[in-house]
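The structure follows.
First chain written, first letter: the chains are A, B, C and D, and each begins at residue 1.
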């Protein structure tokens, strides 16, 4: 289980006056992809935060290849690419459902921190989460 | 001091494919108007939250008379209309700077609560804020 | 067919530092409810715009009764309440799935216009849409 | 004139339940930085679109070094780094006003297109804009 698929229907509020989905609207989609991945893995982000962790974004790179449009369904493939120490990287692919064209590819790196935003080694503090994340690479 | 004026320049991300500012984008503007009002009054919302209060929205009514457009500056007039117990009401008027046409009128009611979202009577718990809010009506 | 139900999972990006969904985030949800209603009715908003119409918001009233929270699913019930001339009103009810508590009630009035934002009488210009909207009241 | 400075006050709606500005909220800020740059250069983005051009985003890379917080003013430095053919790159630096700490660095590449989203060589179609952009490197 390294990949998870989510379906997204671009909302009217996501568009801008260029007639396409505004580039900033992709980021909450990717976040939803991450959340769906964690749920499928058996440890939700909700639970992660409930247990005192946070996962702030460290860096983003995103290519916009073709435009997403209002009400044209897209598939989001979220893949956990790396996990080491207090850092995770996801790769996101956004695909137009109608013709399976690739619209966007992104990579987002997150830090796992405590509530004071300090990176934590979950191997020591959260064995369950650590194992589930590691199992994604088997 | 019952009225406070803020200047807003609609951002590209605020627009939708209809070519106008999306109706949801007005709400963060009104919130900014409230914040400017509180700062001018001498007790910022930042300080209010720092002191253990929250101000969730209870209800909103908003009329959209004319469309706001990208990069066309608007003036926002924020007026404290009512303050009683744990409730405040603001009236917001959005005016196009170029021709002073009224674009939108809104009324938003807020509750003053503690961190558990329970309404609090600030007359007892925060005399300074209570006085400053009351002085707005003199 | 006067009511349509949509399921929404509040996203992380919808929250604010109060720990609840920001009040502005409800408006794109309601818009999604309207879109789901139109699709179920057999004439999508996408199609409506494609045929040269727009549906700008005229006014909104919204009560916030209980807070929506991150990742706690909500049901949105969208009801067409009125349709006359170039105006439509929807009523929206937002219900927490877990305990069926009512979180929010809203009423939004829209205008049906041409691309120049002028109200149009669709009885004359778009018989198909006019009939489908009227059939919602039978 | 290769650099332009904008002042931004993070809004309450920009925050998330982590207590910091959500990472997606930076993108509309950068867009505002680009707009301020163009205005200072003497050819606004408004004008650019009015003259039949669009400037969709091609790719983004953004590092989040420290968190922006509600109501803590930030300075945004926008620099035109490259301009060639139908492509422009901006570099954005986000600096906390209080202590001049660098919060974020981003690079965004844009395409200059016609209304059909096709890249255009503005050297041929818009001499005025072409010269103004080139003068930024002198």
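The rule we apply is simple: a contact is a pair of C-beta atoms (placed from the backbone, for glycine too) under 8 Å apart; a residue touches a chain by one contact, two chains touch by 3 or more.
Since the structure is predicted, the reported quantities are computational estimates derived from the model, not experimental observations.
Asker: From the centre of subunit A, which chain's CA centre is farthest?
Answerer: B
Asker: Please work out which of A-C and A-D is bridged by more C-beta pairs in contact, and write that pair.
Answerer: The comparison resolves to A-D.
Asker: Could you grab the centroid distance between subunit A and subunit C? Build each centroid from C-alpha atoms only and quote it in angstrom.
Answerer: 28
Asker: Averaged over CA atoms, how far is the centre of subunit A from the centre of subunit D? Could you give it in whole Å?
Answerer: 24
Asker: Can you list the subunit A residues in contact with two or more other chains?
Answerer: Each of 12-13, 17-18, 20, 24, 27-28, 31, 70 in subunit A touches at least two other chains.
Asker: Name, in rising order, each residue of subunit A that touches subunit D in their complex.
Answerer: 17-18, 20, 23-25, 27-28, 31, 49, 54, 56-64, 67, 117
Asker: In their shared complex, at which residues does subunit B touch subunit D?
Answerer: Going through subunit B, the ones touching subunit D are 9, 11-14, 27-28, 31-32, 35, 44-46, 70-71.
Asker: Could you please specify the touching residues of subunit D with respect to subunit C in the complex?
Answerer: Residues 12-13, 15-20, 22, 24, 70 of subunit D touch subunit C in their complex.
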